[in-house]
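Below are two complexes that have chain A in common, paired first with chain B and then with chain C.
Moving on, here comes the complex of A and B:
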């Protein structure tokens, strides 16, 4: 698709584009489909539905009245000419319902389509659950489809690569064990240039807090570790980071449907905290990792709630600011707006705390509309951005509604306290020529705090 | 003067000008040279593929491909490699700026050499700083050692430099830049121009600087020059001080042209929060894009050998008391 040559004014960002299927070549999906036989499909569908689903799925399926109210919630639907096949219920109809109705007697081609829908046309953001009068969690049903596709080996290649990395290295980005420690040492040395007595304490048993992050930080954004270390140091927190694997809290296996790997890496993460005998885990600004730690991963392992207290960065910053451990020297002056990440807002209710933090750090906060639990998804979450370049256009076309929402704020600095959102929103800003500067809360806190 | 140099290259002709300087420097100072290339990846996440820099095609990233690229780099730089005793070719995958900084930290290098442009068609173009050489900017901001940026053919080699211009802005980073400039000039035996431009672009709408005001600021700047820099120089008198007024990057370029400068040395600010203090921060980027000669960006002291300590290689060949 040709990109617009110059900046697109607000009116010309199409709210609805014609719904044409984008041709995609995905070696992972192709290879998986090639290996399918009707028998393996039927067996696998039966096995997954029989062994791993129960009352929850039954309740959702039997209560849905096909009212279609969920359609208005979905950014894919809103951005794709209100094409009903993009409505949440439409996606279920083209995947799970068919599988049930035909008792798994479907063609490999059907599985290919189901895989594309489940992995790349739904961010599992759960906005539709807010709109459903019966509270049906469509994202859960999509995750069942993904689980089936994964069990059949039909997964997008890029997503599978990150899962392979999780499995082999216990982190998402193939970060080697020595690279991890090197990165921490590197950032510590850099930070000591600014604060000579600063340390990044490694393997400190009995510390109050274990700070865990996602692998893209050491790999691409090492500066965030620096900033976190400065915040911890200034706040006088007794903290530590693991020197051995277990430091990565991210979880793409949750999104690919590889629940065995999901369980393994979550347990490893909790085990690491237990090994260090910390009081709680504080996680960096990442949304999906939080979903995995307090909702999906822990429950797969049989813990209703995380076995060790786990706090998201927003919550942690809120504590630091309200208790006066971090003081603001001079508020950030440029107007800012805030993107509510689905996993920690719809999923966990951190929106008011996020607003407290933003207002404490920034002079001018402009709300985007809709906001809080009604915010539109960034389009990157749910593992969709991790499905890689083949699907970038799907993401961009599928989220013009987000571009409009962002542009309407008239603000140039956008705070996104989630890594996935961060990347997704940068793509949107670039694609729709919005010229936004996307920041983490830590970026701003580091800039304005008393040091 | 340099023990270990990191030459960050796109392994394409766009970096040839920088390559010449990097290899020449390594030869001259018998320094270890790390020739380093970072594969860009076509996604934000990890990727099983990389984009080949020459063909633009997607390649599967594996050990074979890595070895092949290293071999290609070796043959590309074979001619230049002659006379360089400790050269090491390496490549990795990741975000280029992060990987270059990581490598610099790991190998404890004391100079990074790189080109300013990533694409050949950018050469000579007056691009804005968001576009041009974003890797260069990120590296220059984050680096602990001086970064030598070569964006045009540099015909005088490093040790032939005759006129070095140091663009001063009186910050901590600028002190580091001064130290490097002073030592380089002293070591090479070239003339050092200490230059400061009073920034008039900051004048508010409706307010113009009166002559008296400007002169006052020039006097103040000269006093600062004296206090911060001139007092540091010992047994070195081959220098000149100039203070002009205008838009800093324009003035520096004008000054450099007038003095036939072949090297500009400036501070680049990493984490100065107060924008008023970091006057030259973005100026470096503007200068790099337009300068006819190489530019060195310095922002920290810790990799610059201190004071009048004999410079490493120099002690063998030159008379240092």
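Moving on, here comes the complex of A and C:
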């Protein structure tokens, strides 16, 4: 039999049960809620809303016509049997509307629910932003709720742990300074078995490019560093990686609402590039890190645009392929489909370049529908996957629409040029028995390029 | 009695409604711009004329955005509603005649039949919106009493106006209701959700600019 016996036909996937009904034990949220008093809640809500929000929030809240047209944008709504509490504006009803109406006079239990909604039932994917006729940004409003929850100390434990790691080590995964260098040298050594003259140049001042990645790479996916090194070497790029902290471009503080930490780590990342006097930063295949560098973190620090040119891997690969620095020996034969990550497509419009790269590397590319700006979120981004195992079911139930979309392509190889998407889609493939092989562009490029 | 009320409504009350509308609109704009200046100055540095217009054009042209194509009935009703809502009060012959009497100014008027149909489109659309609010769970979920009241408030001047135009029995007092409800609608507009008439230009422009100039992506 070709298919596993336990395969669930997608139509029979139970959709109706709201995720809030799932028993979720989260020590972080629990401890936070225990420490709340009505007074601290009211003061904090007033402080955050008063000091940090302004015209945008006011305009969004007062112009929203309660038309519900944003509902169909959200995968949580679509996947949870159209339960209106998952509609973008439904989530605002249960959070900001109440907070404002009651001037912050809400119970600790209310904050617990608000925290669950803001951190685990919205990926801040901004799909609803292109559905609202009035241009209302629900993702922004959710970020305000997260900011309040964070200020109250009611944050999911796993997410907070990554933020603590950022704060203490300048990377997301508690990677120790010597581990980092060891990992790079280990990958360099392995790669030299394949290409003897290959180097991973550390701390090379004045190089053209600083290559920065997210901490899960050295922690769990060191092979990606190997592949990046091979690509850089073959393309003849003058590049370097920092040996000291500042190499991690990821940012969970942006998602937890710890903006001071976000600012610190973003500055450190830019400072590292400045210290190495590189011309630009090239970032690995990660979406949220790009959002942090290009959109959120830089602005918090007061830079309208990143102070140093910053390129996402897709953009970089596009340059390598169009300039002929990387040539394709034999295209990847199996049919592939491409997931457009929110943070670099709705966030930076890389969809056409991504298609160029995929078509250059692969024989047979099948579009999923909807695609480009209209693609469904993976359900992992926005810090949701980082909230950890307690919320895996929320994510899985909250994205059956993605499973259906993927299955409809009939393709078994899925390219996801973003770390969060990659992990989230692997979970979806497993949960819904889709049998997909999820790949980064670097995986395929490494496989098909002339070396 | 009716005559006195008519005098009051067509004179001082009308002025009051117009003044409240203008002052209210200016006040809303002033508070928003003050907030931008005090707390979110950065918004100005991201505004782009080109992408604001791109966004506005796509959302003011029927079926030019994905969501409009996904909801064709809503799109047709919304456009018809908004157009009639704005055009009928300004280009109705009966209104223009009044202005001519008062200030000696006049402009092009809608043909009677068209005006009649357009006046009925507004309450019909309000009924559609109300049914939609009741029947669609995602809309009902975020609907409050105020949303229904608002629909009633919008429909009332049009229904009563049509009644008078047809000179149906007892249209004299109905005319008073027509004038008063229209004035209430006008005067409260800046302070209800209808203020999207004023603020939408800015929220749309900002979203359009962020999406176009920063994110290089479509927002429609």
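Criterion: the second predicted complex is superposed on the first by the 434 of 451 C-alpha atoms of A that agree within 3 Å, B and C clash if a C-alpha of one lies under 4 Å from a C-alpha of the other, contacts with A are read in each partner's own complex, and residues count from 1 in each chain.
In this section, a residue touches a chain if its C-beta (ideal position, glycine included) is under 8 Å from a C-beta of that chain, and two chains touch if they have at least 3 such contacts.
Since the structure is predicted, the reported quantities are computational estimates derived from the model, not experimental observations.
*Asks:* Where does A:59 make contact in the superposed view: on chain B (first), on chain C (second), on both, or on neither?
*Replies:* In the superposed model, A:59 contacts chain C only, not chain B.
*Asks:* Once the shared chain is lined up, is A:217 touching chain B (first), chain C (second), both, or neither of them?
*Replies:* In the superposition, A:217 touches no partner, neither chain B nor chain C.
*Asks:* With both complexes superposed on chain A, which partner does A:443 reach: first (chain B), second (chain C), both or neither?
*Replies:* neither
*Asks:* Would you check which partner chain A:72 touches, where first means chain B only, second means chain C only, and both and neither mean what they say?
*Replies:* A:72 sits against chain C, while chain B stays out of touch.
*Asks:* Between chain B and chain C, pick out the one touching the greater number of residues of chain A.
*Replies:* Higher number of touched chain A residues: C.
*Asks:* Which holds for A:158: it touches chain B only (first), chain C only (second), both, or neither?
*Replies:* A:158: touches chain B, not chain C.
*Asks:* Determine, under the contact definition given at the top, whether A:172 touches first (chain B), second (chain C), both, or neither.
*Replies:* first
*Asks:* Touching A:84 in the superposition: chain B (first), chain C (second), both, neither?
*Replies:* Touch partner of A:84: chain C, not chain B.
*Asks:* Which residues of chain C touch chain A in their complex?
*Replies:* Residue list for chain C touching chain A: 31-33, 35-36, 38-40, 42-43, 45-46, 55, 59, 65-68, 70-71, 74, 136-144, 147, 193, 195-196, 199-200, 202-208, 211, 214-220.
*Asks:* Quick check on the complex: what are the chain A residues that touch chain C?
*Replies:* 53-56, 58-60, 62-69, 71-73, 77, 82, 84-85, 87, 89-90, 93, 129-137, 295, 299, 304, 345-349, 351, 373-374
*Asks:* Spell out the part of chain A that touches chain B in their complex, as residue ranges.
*Replies:* 157-158, 161-162, 165, 172-174, 182-183, 186, 189-190, 193-194, 215-216, 219-223, 385-386, 388-389, 423, 447
*Asks:* If we count contacts the way the header does, which residues on chain B are in touch with chain A in the complex?
*Replies:* Listed in rising order, the residues are 42-48, 94-95, 98, 101-102, 105-106, 142, 144, 271, 273, 300, 302.
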